[in-house]
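Chain lettering (A, B, C, D and E) follows the sequence in which the chains are written, and residue indices restart at 1 in each chain.
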Amino acid sequence: MSVEIFTTVMTLASSLVLLAGIAILWRRSLPAYIHAFARQSFFIVVAVLVLAARERDRELVLVALLMFALKVVFMPAALRRVQRHVGADADVRPYVNTPVSLAIAGILTLVAYAVAQPVVALSHLPTRGGMPLALASVFVGLFIVASRRSALSQIVGFLVMENGIALLAVLATYGVPLIVELGVFLDVLLGFLVMQVFVYRIRDAFETTDVDRLRSLRH
Amino acid sequence: MFLLLMLAAYAAGAVTALALPPARGRRPAAACLALGALAGAVAGARVVITGQPVGWELPSSLPGLALLLELDPLGGFFLCLIGLVVLPAAIYAPDYLASPAAPDAAGGAHAADGGRVAGALTALFILSMSLVVAAGNVFTFLLCWEGMAVCSLLLVVGDGATEERRGAGRWYAGMAHAGFLLIAACLLLLAARTSGGAFADIRGASYGLGTGARNAMFLMALFGFGSKAGLVPLQGWLPRAHPAAPSHVSALMSGAMLKLGLYGFLRVVFDLLGGGPPWWGGLALALGIISALYGVLYALLERDLKRLLAYSSIENLGLIFMGAGLGLVFHGAGRGDLAALALLASLFHAFNHAAFKGLLFMGAGSVVRATGTRDLEAMGGLIKRMPWTAACTLVGAMAIAALPPLNGFASEWLLFQSLMAGVGVAGPLFAVAMAMSVGALALTGGLAAACFVKAFGITFLALPRGRAAAEAAESPRLMRLAMLIPAAACVLLGILAPSFGRFTAAALAAVPWLDPSSASFRLDAGFEVRDGFGRIAPAVLALLLLGSAAAAWGAVRLLASRRRRVGETWGCGRIGQTSRMEYTAAAFAEPLLRVFGDLLRPTRDLTIEFHPESKYFVRSIGYRTRVRAWLEEDLAGAIRRLLRPLGGSGRLIQSGSVHLYIAYVFAALLAFLLLARWM
Amino acid sequence: MIGAGGGATGLGAILVEVLQGLLALLLAPGIVGLVRFIKARLQGRRGAPPWQPYRELAKLFGKEMVVSRNASWIFGVAPYVVFASTLAVALLVPMLAAPLPIDRAGDLIVVVYLLLLGTFAIGLAGLDPGSAFGGMGSSRALTIAALAEPTIALAVFALAVPAGSTNLGRIVARAIEDPGGALSPGHLMALAALFIVMLAEAGRLPVDNPATHLELTMIHEAMILEYSGRSLALLEWAAFLKFFVFLSLLANLGLPWGVALNPGASAVLVAAAILIVKVALLAAAVAVLETRLAKLRLFRVPELLSVSFLLALLAITSSFLVE
Amino acid sequence: MRPFYCHNAPRSSLVMAKLFAKIWRTGIVTEPLSIEAGRTLDLARRIEDRTRRLLGRALAIRQVDAGSCNGCEIEIAALPNPIYDCERFGIHFVASPRHADLLLVTGPVTRNMEVPLRKTWEATPDPKLVVSIGDCAHDCGVFRGGYGVSGPVASVIPVDAHVPGCPPEPADILAGILKALDRLPEPGSRADSRTGSTASRR
Amino acid sequence: MLLIPLLGSPLLAAALSWLVRPYRRWVGIASASLSVATFVIAILLARRCLDGAAIVLGPMEFLRADSLSAVFALLVAGGACVSTVFGRSYLDRERSDGRLGEDRLRRFHALTNVFIFTMLLAVTAHNVGIMWVAVEATTIATAFLIGLERSEGAIEASWKYILIGSIGIALAFVGTVLGYFDFVARVGPTDGALNWSVLVRVADRLDPDIMRLSFVFVLIGYGTKAGLAPMHTWLPDAHSEAPAPISAMMSGALLPVALYAVLRWKAVTDACVGDGFTDHMLMIIGALSVAVAAALLVRQAHYKRMLAYSSVEHVGLACLGFGFGPAGLPAALLHLLSHAAAKSTVFLLSGEILHRYRTTRVSGVSGLLKTMPLAGGLFLAGILGLLGLPPFGLFLSEFLLIRAGFAAGYPRLTGFVLLMVLLIFISLLGHVSRMLYGSPPEAIHRGDLPAARYVPIALSLAILVILGLVIPGPLASLLRSAVEVVYG
């Protein structure tokens, strides 16, 4: 694989990852959110596999497999199950409406470019073009968490953010050391599970997953 | 040597109070404190007399945290002052605390632990006061300063059973801490250039500071120490805290602790900052005058005996700061000799105030213990039931009213003389200020006399105004002994004023830039100021007075009729005399309330109820007048109003919305990213 | 230490002092009698002879003393304190010779505070028996005393600074040596201020009417309403003495000539004669003034005192701030 | 009259000059005390020598209205005025019985005033005198037997002298007091006559 | 070798509590004893690290403890020790009240010990990534602990905590990745590339722009966990809803652990970027935290929230200390140590108060000193300590902090902070005085726990007093070498 093609593929994958994240902003149902997240994870897995193939790095293959199992298969499935249990809640009345959300996503992407500019400047890696996009998906994930009402969509947003970070790690450094990677996976998994448990608890206690109702603790 | 003995004794006092059950522990603890007071006074006096500082250091493993004691003559002087208050207060405390009747003792003595903690706190309070004046570096000073504030705060609040005590605690805590932070900022700014923050190093390092920094430090020192000394506008805590504390603690606070405000001011502004432009002194002088007048006016109107004394403390601290400010003016004008004179007045008055205010608070404590109330309008006639207390209090009242030949007069005379010396020293503006100050000082003196005629007269004279007062009993022997000590001090300090003045002058030798040995004053058997500008000989005056009185008495004995008959008080032939016919404290102050009505802004409320049949028949008349300490209350209100939007903005921040919270994270991230790019 | 400096030393000085004290004591009632006499004549009455106050004192000393059973020892001691403090003032004020050695024992400020001592004592005594009148009197007396203080202090200030001393002997001696200073506007205004304060402090019209027998308008009388016999005599005498001391102080500050600078026997005798004349003239002036004036309402007294304060302030301004 | 510090100083000084001119023109108006004009004086008891010596030349009077119709008061109030000028005899009125040597009691003693009168008497230091003024003080006059009347003065406190009349003239009262002290001026003596320049100016 | 027992004993305790079924009383005792043991080991560790030595363990120097780690290990182990030992009273009572079933009790013990373990791991991990993992793990461990009571408030608090905490920590991972990227790009991939010692050693070869970026992410990320404003928002909720022993540990130990991470990165960034950058960042965020805490304390109506905001204040102060340079660092470390001692004390006692008065509102509590004289007295002492009054340790550390601030040349900022501290002082004291004094409610039970139960609290207060009067020599040298660790 030549460097040019590799670069193009990686940038394309990064763009797809970002687009999958942004897709959440215009979709209106939780299953669609989950689907978009699964797709985003899948693009990352693809990117990691491409990278692994190019670098002939077994560790990366392992990471890709883990990621596939976790983020493409397990987590979306778990999310769907939770969503079935707690109900759709027709949540998806976001704080910020769709056009504005998309505009903000655009601005965030620009900000990500501006912020990542020294990183891109320093890097000699062929993957450097994707790094601002990865950062942008971190921002978009953050934006989803901040603007969506349902606890489940917040989880999705958080996972989108995680994906962005994972992509950033892959693009910037061809993967952090394995032990760290494993620890991160474990943490993300546990964190996801804990959040899932709390979604049930919120549902039980408040009869909704609208976290906007969680406002009794203040001042 | 004596310094360590003092520390050991105070520490032992604290331990004793804490370890032994209160009933058995009070006297041994008091003995420890008394011993410590004596040791401290001896240590201080030795340093003053020999002029040789003594020191002791507990080095620290981190720089600047050493516990460094260095007692120089100025500190020694104040140690003597503390000893003068502590000794009687220690003797006074056991019996006072043992009595269940005294409502203000209850806070400490009758808390759940039986007053153990209060006893230990008292000892620690005294200990930290003594260490403040011996502190040789910034850390030790601040540690002891704040320790003193904490101990006294807890003593003021006591068991916090009444809203009065809690409110007093809030006021005191806030103002003391505000003052502390100002002082800490000032000292730490001063110490910023030194490694360890020792005063000795700061002295050398402070000269290179810029004018703005020095001015800022001066203002911080003035208001920081002023808040401890109760200078207007930082006086609000004083009339609340002093009455709430047990009386011997009030005596300690008012007699000794307030003076440390002066000590700190002198230490920082004269010693460490090395003085400044005349306006520094002018500001201190102005605050002093305002405080003096404010204090005495409110004291005059007060009907709570201990609050009255507290307001009077504001007055006296005002006088003391007048002296200090004047010294600063003189110093700024390059007249070290006159500055020494003014500071002599200030220090002397500080010492005197320690004697008589300690005495008066203990007297008030005895009264409160006997009657169970602090309300002047419920007292009266106590002189017959409590002759010792009355006599001692009378000495204190006369001394605080600056009547010759007692000690208060000697220092006020010095203050008059220093004010008069201010003419033509620092320009016409200051000359006018001096003239006004002389007037204000004299007015203060006159009002103080009126105030203490009222305080003593309403408390001790005439008929009892309530049952408690009618059934009051004299205090136990130890309490009487305790009151006799400062009473004797008031007399002796007055008559032997020149000798004590020499001692004070020796203490001033520690303050650089002063010239106490110069021609500004001479002390032999009398005071002589500025080469004969003013001279008095208190001992001769005392002889003169005694001689005149004795001559009059002798002549009357010899020549006049000796017939004496006891009858009723003349009341236009009314059937019986009751205490309701007596002049009350409020009535006593009424004329002056009218005169100063614009300042005091009394609210008057007159309700007349007419007979329903005819408006020419009056059924009842109600007259109610109240003087509000509006300066204090309005200031507190203004601060509260300033704080409200802050609290409101806090509520906006923490709205409970998790989305908003995440937006904060986001915003902070973006803001810092931008900051990082362009910083 | 008293011996050093000053114009006189030793025994002679003490003799002069004793003479001065006796003179003041003995003359004081007469001067008040003189004022009453002149006032009577101005009112178209014959009046009592000027020596009538001596008769009254003698009578009072001979009478029984009735003491309230509510009163304490304060009541008994106060007259002596008042008397002694006033007598001490009489000794400190230079009447015959200046400066005397005793001048070093106390200055004008001492004089002010000794008088305050008397007011303090009588104020307490007024409260002691528990009568409403006494309390009223002491309240008023102390109010007026307090308000008079600033004026006195400023007057002292105005007199002392040009003379270079607060000690009376020095001031008087300086005035004799430098007559121009004594006639300067500052000096005169200070004296005028002192004069007004004197009226207030000595309980004269328009501040207090010494002849009133209406309790509600009393000040000094109200406080001593309970006193009788020898105590009353002492208090009255002290009041006479105070008046006399004020008059002689004013006389010697305003017209210092005649005061002996070196107290030889003849000079002192001449000084005594001149003093009597000066004081008598002043007393006459007071009498004339009192004939002309009505008593002020109590709450207008502060206004009067503020006028005197202003005078004193002007005195200061003109005496050394304008220089 | 306005106090001297009023703003209109020039006018004030003019008024003052006029006032003193008038005083000068008027001169002394005090009349000699004429004993013949008075009626008899009723001496109740002999006064001790010591009392006379002590009080004879300086007498302080406390007047007590024990229930009078105020007729006597009007006459008493004339005593200090320039015409009668009791002060020339060393007599003056005081505000407190503590200061007084003589109680001048008027009126029948009403029930309300019985105790106060006694208290006033008790409050007066010895030696002291009591002079009752007017007929009512002697025998209750027209008020005798009234339900509010307690009795004559002498029934409450010992009376040293009595001045009869309803009301007595001021000169009588003055004469009565002096009589009580046994120091009625000889005709032509200094205190009594109008001699000297002031009289001639009249 | 000390590191194995240090990390092992909480793990052992966790395993015991999880595995022993049914729950036995001795498990609690064992757990408490093991936490004491951990504390002792932490002390031994600190002794070993006094003179700048570092203890290393495992492949690729997996664990490494130097003096800076030792300070934080002391803090964590100490806080844990007091909380678990005193926490037994809490648990006994909750159990006897039937509010805590066996299942949850087991979970409580297990998770608490895991929590302690993760904190200790975070401060001893040599690898930045592992440290990140450990800090993230604390979130997971504590989320359930906060929600132990399953009240609505607890659920809400846990949700906010876990969401905000996870996001923050994710941002910190971005920073970590960026730092690693910088390292790899400039130095090339090496073994132990994410190890502290290596990062610091090669820091001068790193790219400053990226390190700045990385530090911002790290600061915001770990700052979220540390409760720095404006990311502090979860903190009052979590601290007020968690059981008292957990609040105590979170406030006293967890927040400093997050700050530890920032501090480690600061050392690297400083070595690369040069002084000033991180200092300014830390000062801004520290001052902001103090100000926000002040604003929220003025009218605070809940006492546990009040304590939580006080934590925000103190973390902010510590941050300022970090920003004040080499003189401020020991002050900040001392501040954190003292704060841990004081804050665990008051949080534990607040649990007692809550149990007795059944309300978290300040207005619902009165006459504490009468109801529970001993506990009330200790609470008062702890609060006075928190307010920075002598003779407690925070006085000394705040003294050093202010001194450092002035010496570093920031008089205005320091003045501003002092003003805020004054506001906090007044507000806090006002609230607390309302609780302590006055007359207690009618029907309230009076009396303390047995005095022996208060021994751990008394001991921690005693430590606080010692820290306020004399800094023991060994501690001083530990701090000195910690300063060397950060500033080279």
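Observations on the structure shown:
As a convention for this text, contacts are C-beta pairs under 8 Å (C-beta built on N, C-alpha and C of every residue); 3 or more make two chains touch, one makes a residue touch a chain.
Quantities reported herein were computed from a predicted structural model and do not represent experimental measurements.
Contact with both subunit B and subunit D is made by C. Following the contact convention of this document, B is the list of chains adjacent to both subunit A and subunit C.
Most remote chain with respect to subunit C, judged by CA-atom centres, is A.
Per-pair tallies of C-beta contacts place B-C first. Taking each chain's centre as the mean of its CA atoms, A is the chain most distant from subunit B. Taking each chain's centre as the average of its CA atoms, subunit C and subunit E sit 77 Å apart.
Spacing of subunit A relative to subunit B, judged by their CA centroids, is 68 angstrom.
Rounded to whole angstrom units, the spacing between the C-alpha centres of subunit B and subunit C is 35. With each centre defined as the average position of its C-alpha atoms, the distance from subunit B to subunit E rounds to 43 Å. Residues of subunit D in contact with two or more other chains: 96, 98, 123, 125-126.
Residues of subunit C in contact with two or more other chains: 62-66, 225-226, 229.
Each of the following residues of subunit E touches two or more other chains: 159-160, 163, 167, 171, 213, 236, 296, 299.
Every pair of chains in contact is given here: A-B, A-E, B-C, B-D, B-E, C-D.
Against subunit C, the residues of subunit B that register as touching in their complex are 380-381, 383-384, 390, 394, 398, 401-404, 409, 412-413, 416-417, 420, 423-424, 428, 431-432, 435, 438-443, 445-447, 449-450, 452-454, 456-458, 460-463, 524-526, 528, 532-537, 540-541, 544-546, 548-549, 551-553, 556, 559-561, 563-571, 577, 579, 581-584, 587-592, 594-595. Touching subunit C in their complex are the following residues of subunit D: 1, 3-5, 16, 19-20, 23, 26-30, 54-55, 57-58, 60, 81-82, 85, 87-90, 92-96, 98-99, 101, 123-127, 191, 194, 198.
Of all residues in subunit B, only 563, 565, 567-568, 570, 572-575 touch subunit D in the complex they form. Looking at the complex, you find that subunit C touches subunit B at residues 1-2, 5, 61-74, 80-81, 83-85, 87-88, 91-92, 102-107, 109-110, 112-114, 116-117, 119-120, 123-124, 126-132, 134-136, 138-140, 142-143, 145-154, 157, 160-161, 164-167, 170, 225-226, 229-230, 233-234, 298-299, 302, 309, 312-313, 316-317, 320-321. In the complex of the two chains, the subunit B residues touching subunit A come out as 650-651, 654-659, 662-663, 665-666, 669-670, 673, 677.
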